[in-house]
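The structure under discussion appears below in the form of structure tokens.
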Amino acid sequence: MIVAEQKPIQEILAMLPEHKKVLVVGCDTCVTVCLAGGEKEVKVMTAALRMAPKPLAEVTGISIERQCDGEFITEISEQAAQCDIILSMACGVGVQMMSDFFPEKPVLPALNTLFMGSNEGAGYWLERCLGCGDCVLDLTAGICPRTRCSKGLMNGPCGGSENGKCEVDPENLDCAWNLIYQRLKSLNRLDSLMAIQPPQDWSKSHDGGPRRLIREDVKL
Amino acid sequence: MASKKVCVVGAGISGISVANDLAQAGIDVFLVDKNPYPGGQSVFYGCKAADECVRCGVCLVREAVATLKNKTGAECYFSSRPVGLRSSNGSMEIDIQSSANLIDWQACVECGRCVDACPEQAIEKVPGWKYFVNEKCTACGKCVDACPVGAISLKRSKEQITIQVDGIVLAAGYEPFDPAINRKWGFGTNPRVLTGSQMEKLFFEEKYLPVKAQNVAFVQCVGSRSTMEGEKHCSRVCCAYALRMSGRLKQEYPDLNIDLYYMDIQRFGKNFDQFWDQIKGKINLIASNPISIKTDDRGLPVVRYESLPELACREQTYDIVVLSNGISPARDAENLADLFNLDLNTAGFLVSPGNGSAGTNPGGIFTAGTCKRPMRIDDCVEDAAAVSRQVMHSLGVQVYP
Amino acid sequence: MADSILIIHCAEGAKKALARMSEEGHKLPPQFKTFELPCTGSVNEVLLMENLQNGSAGVVVLGCQKENCKHMDGNLRAERKVARVKKLLSEAGVEGKFVEMIFTAPDEGKRLHNTLLEFSQAAEAKGKRK
Amino acid sequence: MNSTRSIVAVLCDHQCSPNGPVQASQLQKRLSESTSIDKLIVLQKACQDQEKKLKNIAGQKVLFAGCPYLEESGFYTRAAENLGLGPGEMLVTDVKSSIFDLYESSETIEDNLVGRLESLGRLLADSVAVKEPPVKLKRNVLIFGSGLSGLKAALELSGEKLSVDLVETEDQPVAPGCLAGGLNAPGQIEELTEQARGSEHVAIFPYRQMGPIQTVEKGFTVSFDGAQQREYGAVIYAPERIEAPAEEVGAWNLTRLYSRIMEGHSIKGRIVFILDREGETAPEVVRDVLTAAKAIKERSHAEIWILLKQVRVALPGLQELYDLAREMGIIFVKYQALHLKNDFGDFQIDGQDPQTGAAFQINKPDRVILPGRSGLSQAAVQVANSLGLRLYNDTYTQPYSLWRLANESNHPGVLVCGSARGNMDASGVAEDAASVVLALKQRLRGEGIIPVEHLASVDKDKCAYCLTCLRVCPYGAMVKNVEDRVAQVITTACQGCGVCASECPAEAITLRNLSQESVLAGMHKLLFSSI
């Protein structure tokens, strides 16, 4: 699932020009489940924009099944025709799709798309996949070293692995290589660690361990 | 089969809980209490929640009283006491001396007009219950005219009733220890020395402190764990209420300085550790016993105690001193023991023959609540549930069809 | 009424506290309206925002004392939601509207009354300043 | 709106009403224009058996308005019974609380009442009547834990001819951690196990055979060793507490000491118990300590020291136990600070007396006893998680609202018994088991559970199957419906608190008679009624 987080409302307000009709469009799939841009959040956003001191001509809210499918987007072409600006509460994919379908309207993002992750309990999401396009999970017992090792190491743990915890955050973060080792050992497949993996260029993306989104207001 | 009848003596939290439980199982309950209202001691206690609920259990009392009023349908004899008992063939006859209630609680609709009409403030409201007339009444009769349903009559009369029952539950409660019997506590002579019971009433009225104060002392184990005063038992409630009260006072008056003189702090409740960690940083705990209280020339109470690190006698002046008085056996425990043929233990509490877990009692007499040992409110509720189960068992009342 | 304040209270401790308040003769000013829900846990952001948008000056969520919610932690959930809406309002620069969470024990009529009155006074003062 | 059933308002207009007399004629006139109220009936002194006057409105939805006393006098219940009204077909409003609205206000009571009645009438029009038959529960009971509490509960229930399945957490029925069945009640566990094995109503299964516990509509199902699912109406959670090993090498914890004493070993020499070392020792543990010290002293000439910070006596009989121990020559020392030097089992204890400030030293004690932190076993934690029970530090079940019975857990079908609720001694466990049985019977009595008014329901089309509701429900009342790929409400467990409805991201959950729209409409009406 794609995990996203709402942008601070000041930022959204700053994006919106004055005296325009705004259509807030939610997406009922991933961002609904991670409580960032579903029908409920659309209602809250609409109310907040209406109450905000910034003069906006009109704010309407609507939510569609998926913003990454054109068939669903065309359902709202009538509403879209009547507005000046579209505020999309979907992930980056949805925002881009909306721009494609309504080329004459500015489409603004209301969310920051964060990562692909799992739901680890109410209000707690954890990154599990990087989408690197080169899956090594067969060799690492189903635990991704690229995502879950803070340093993205491919050939075993670094010296910062202590008592199964990662030195980057020894309280909360497990050492992925320790997990891989334990799991491979229990599966009796330690030999798959013998092959040496070539390094990958991480300089342009992702470092610092799996990104996590913890929302105190929904977690309990 | 005719329904069974049980007489519950004492309408405090234990008695009411027993009555509610028994009535739910289809037993006819007669409730007898010496006060003109149900609820006993704890109905005028106040909530001690500071930031969060500290489980003092006071709201349980209100809940139980409200259930008694709305659902239970017990036959209530207030301002009454048992005076005689005859038993034959498993059934018992109990004599009850009853004073007529000035306000007929069943007719009262709680409009509150009598309270407004009374010039003496002699009519009080019991939380969760209705009204009663206190001793300030001068029988002027204004309330009688004000009542729209004619529920008030000011004729005081006494009568003796005899009821036939299958079992008796004694829930006679306790007497708060009276520190006035020993002059060393300074109670009764200095109005700034209060008991825990008086504090409870202030908490109930949401006044918290009677006068403005900077320094407050709580003195623990007053009337508990002291062979000198003949009360050797631990009252089990005082540490709890003193700590809870100080927590609440601290919230109400953040600048208040609270000292707590203790012998040993007793654990209570499941989340004691959490509560204890919160509270112990906010107040000063002073291990010292025994202590005495004098009055200085400004009229302020002075606590005289033994300072343990220096092994010296020290004195400290306070604005208010609260004596955490313990639980003493009920004043008429001896009479009750005579009347119902029960024993008293060394501390003076009632011992019931049927208090094993077997649940059978050939005598048909059970004891519940603080008349057998000191208990907290939630303990009383649990104990009442256990006793009512014993009663049902011994009367052969099936809870399950 | 434009300056009305909605009190959303639970059907347990908060309801008892309101009853006790009126029993003791403490009356609330007319702008307060009360609405009962089974538990404050069923309050969500939509409910709060739409009420504010519909014109109430403020919403007070009145729940049981902490640690004493009949439904485990409904009151704490409500507190989080209220905090979130508060943040949203302040960040969006909305003025003259407020949301607040109050925890109350069932036995504290006077304290509750005082707290509620403080709210209406604060709201009034804000209104006058504007 | 249900057009076939009209909404009738019934108002009590007695002079004792706190609002004083209502201008009934004026109210009639105002309400005749109302869209949500079809008819108004005004009763005089409704509390005095006036419900018989309502016969002609049978079959309609009714809105009652009166003073709080009407509820207490049972007027509403009687009227509902006479008219056959279910929870979704009537609403009650307390006229007294409208006093809030009238304070320092120019509006009249009639204005206020009309507003209130209209908004409530709208709510009532949308509501659906509750007409479900109560759910029949299975009369089988699953007990997890074969310690003293589990066995006691099992035997009490088998006496009531309920069939009981008991799950043993250890292969040995006497779990070493079950202190309650140790010295405080010698031989009791063996005796009870014997009885349980002999009872035709009790079946005993080992824990390793137990599959996951599943919550279903009418209770719970479990399969043992892959065999057919067994069904239960209720679960009693009665795991034994286990004690952590002593924190120092060479020291014993209480469990070890107990088993040594029970096995008949005599324990000699200088024996030191250290209490209150980390945090505060519970009085129940103090009692276990004193019982053990007494037992050692009875059997041998040991020199026993008990080091403690506070004398804890807040349990019945504990003071007497202290006195007895003192008479037997057990030495009690209060300490302020304590230093324990441990050289692989050779101890040296340095302490300071708070009374005199004097230092004391105990050299080379033969045995040091450190009561460990007691908690639940891993198996018990697993079972608790599968039942949706809340645990507190993996030690106790969650401290629960005072409004509930002590044995109730957050899952309505699960009762917690014995020391899972906190430290308990043998007699406490016995009492607790008995009250659990009572509570259980009350649940099974009447062959079901009365449905709550604001029961949650899931809109299958809207449900995103995100399982947020499973995670937030405080009662474990939400389960996966694997066939339809939606969340499902267990109606016997749902308490209608509405947390799931407020958290559901897809707005697929609604409470009966309290949908989000009707709540918003009601609030809106309330806010603008008095203009």
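By written order: A, B, C and D. Residues from 1 in each chain.
In the analysis below, a residue touches a chain if its C-beta (ideal position, glycine included) is under 8 Å from a C-beta of that chain, and two chains touch if they have at least 3 such contacts.
All values reported here derive from a predicted model rather than from experimental measurement.
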Would you kindly say which chain has the C-alpha centre located farthest from the C-alpha centre of subunit A? B
Which pair, A-C or B-C, has more C-beta contacts? A-C
Chain whose Cα mean lies nearest the overall Cα mean: D
Chain centre separation (subunit B, subunit C; CA means) in Å: 34
Averaged over CA atoms, how far is the centre of subunit B from the centre of subunit D? Could you give it in whole Å? 26
With chain centres defined as C-alpha means, what is the inter-centre distance between subunit C and subunit D in Å? 28
Multi-chain touching residues of subunit B, meaning two or more other chains, are 53, 55, 59
Quick check on subunit D: which residues sit in contact with 2+ other chains? 68, 399, 402-403, 472, 503
Would you please write down the residue numbers of subunit C that are in contact with two or more other chains? 44, 46, 50, 64, 67-68, 73, 77, 81
Chain contact graph, described as a line, ring, star, complete graph or other shape: other
Each pair of chains that touch: what are they? A-C, A-D, B-C, B-D, C-D
Subunit B-facing residues of subunit D, complex: 14-18, 47, 67-69, 71-72, 74, 160, 279-280, 282-283, 310-314, 316, 318-319, 354-357, 392, 396, 399, 402-403, 405-406, 421-422, 427, 430-431, 434-435, 438, 441-442, 444-445
Residue numbers on subunit B that touch subunit C, as the complex places them: 46-47, 49, 51-55, 58-59, 62, 125, 127, 204, 206
Residue numbers of subunit C touching subunit A in their complex, please. 44-46, 49-50, 52-53, 73, 76-77, 80-81, 83-85, 88-89, 91-95, 97
So in the complex, the part of subunit C that touches subunit B is made up of which residues? 13, 16, 20, 23, 64-68, 103, 105-111
Contact residues on subunit A for subunit C in the complex? 8-10, 13, 40, 43-44, 47-54, 216-218, 220
